[in-house]
């Protein structure tokens, strides 16, 4: 028993969703679950196959990236998670995967255009692709800098992390987040599906227009606005 | 026990086919089953995961979109279903999904060309893509207007809803229907397969011609004409 | 018990492989198994879902297309099978599917170019695509004419049905055959994989050259030549 | 019991991973496991379906390609494996598949460009595609020459087989290797995923740039450098 059992369990459950949703090959992904009051998060240990994971193998880390509890080395992306939790107080879960279509857009260094209502049901803007990092930052504290690469992109574009819960890190792959780890995993699957639909849309019609503003507004508000009428 | 048990059961069974056929991610789809004599239909509750659905969770709604029985909020697309049932007396089931290839054609705002006999076995024309809705309608009673968007497209093109049981709503995604909910689900799977085949066909040969009239006629009639010889 | 039990069983087993191999949606496919001494073949009944098939539901038909035994109507493609068995005495099984990539090439009305050794392990020429049928034949005895459409294509190109065990019927979909129904099913899966690889090859390199003759010869002979050394 | 049981077991286990990872259709693949002290390797018997394989059916072959133990004929690619083991003393496993995306790049005769970190996590250069073999070698000892085709490509490009554990054989398909058979299988799955991502990347952005050197270096070193911090 530990005071961190609730986030270990949440992180474990969310990690186990990744292979079920077809979002990871081998160990190419990780999920964390944070408790902002305790100032820590639980994250997948590095390089451990999903079938060998247990609740107790989750590693507890503080928002500066220091291991607080656990015998295994945490995910190599841990510092990116730490930076985001430290600066974005309202997120409870973060997911990183190399899902195939999302990663292809990141490698192509393009934002994913908003082409339809599947996209607009979840966010009102193109899914942003952060520009590749400066060489100096890469050679330095790389995973730590990845956190700032993500936050800088949001600042430059004037985006809110509470409204846009996903990003492509250029040349690398997607990160998503949410109020809970479950929501962050959900967002990873949405991003992958929207990424595939957008590529197919451009293949069917290279001149396909972006979704018009009235439809973007309508679909987002029916799921997320003050008068939303989706769900129970 | 309720007088609506038969359509609740039919709607439940048909909804459960969607994830099995790979047509939905999470809750991105819904099926309804109508009883025209009773003037109502049973439809999936909004935002409830497929694995949590039960027969009794289906919501009974009349053809004006009013809930008649059920504790949950019906699908956010309920009014579109209601409009279609009200005006098209011979359909017993309606399906809406965001299946990947069908949605990509809808986002590309293109009809799906009839390229082969797989398509002609089911309909004799291109699968129509309804033009995006006017802003005024979007800002108004959106889901209700979607029903008219579908019917207007059929009227303008002089199509019969009994012969053509599927449409793409531009920028959005497919709707299909049929005499029964099972047939409507079948049509959704056919649409998705035909949509994928059509994209691949254009990739293999950008000058691929539409199927010639004699083959369209032959294949449709062997399945659906007065002298059809397909099935038992 | 019937004197046809052996081909009923063979046809049933081979039909059940189609959904397992991902080659059919719903009932879009059929396999037959012939006994040339008895002058008949067993074939899938028309429009019956694979999960409802039984050995006894297979229909026995002679090489002129007349039903000899069975209570159900045979596949609507039965006459095509009959024509091929009548003229090609060394084939024991025929398969017809609407597998997605094979059908896309058929709709594009293109032969599948021989790009690599996966293809050359099975045949030494491009997979032929038969030209669409003349309108007069379509309006006549269509499925019977499809058999001649296939044979005519082989005659015009001087191909041997014993060496090339597959074809695309233009605008329609693939047919494959073999000494046994199992081999015919195997060929359908090979065709679908080769069809997908060929499309991807052209997407990666639109100038990809056909496989050179020395490699075609080598790969085919190591599997099929007099000094073959593949298999046991 | 035989002195080769350990490599038979290792080869069997690794072979059985191929269908699970979706890398093979039917028997289109093989894995071997070597013991360099004993100077032999265990390899899949030729043409035997994966579901019929057993540990004892693995064939023991020496590094000149002579069968040492076993009743079945070894894989038709055995001599390629033998040549590589003979010249590359530090590899313990070799895999050959016709996985769809890897094979498409081989057929297109193109190296797979390094576009992102998924690739750089495993190797720092484009995945090499060996030029097709000279006709003279094809007509001679073909599978033996395939081993030299692979080694020559590495020599010409000044690549180390310990750093780059995969290659595409032009017109043919991928080969991968590693210190163990498990690692070689892992590399086959990585190659297939990277191959798919690279094609999609070029489709999304035909001008997508190669990954910049600083990122290549960073990602490879965090997994493989002297100060690596990935895994346990």
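As written, the chains take the letters A, B, C and D, and residue 1 is the first residue of each chain.
To be clear about the criterion, contacts are C-beta pairs under 8 Å (C-beta built on N, C-alpha and C of every residue); 3 or more make two chains touch, one makes a residue touch a chain.
Computed from a predicted model, the values in this text were never measured in an experiment.
Under half of the residue numbers at the interface between copies chain A and chain D are found on both sides, making the touching surfaces mostly different. Between the Cα centres of chain A and chain C there is a gap of 46 Å. Rounded to whole angstrom, the centroid-to-centroid distance between chain A and chain B, based on C-alpha atoms, equals 33 Å.
Along chain C, residues 203 each make contact with two or more other chains. The touch graph of the protein chains shown is a ring with every node of degree two. In summary, the structure contains touching chain pairs A-B, A-D, B-C, C-D.
Within the complex formed with chain A, the residues of chain D that make contact are 115-118, 186, 189-190, 193, 196-198, 200-201, 203-205, 208-209, 211-212, 214-215, 218, 222-223, 229-232. The residues of chain B lying in touch with chain A in their complex are 25-26, 28, 45-48, 72-73, 76, 98, 100-101, 103-110, 132-133, 135, 138-139, 142, 171-173, 199, 202-203.
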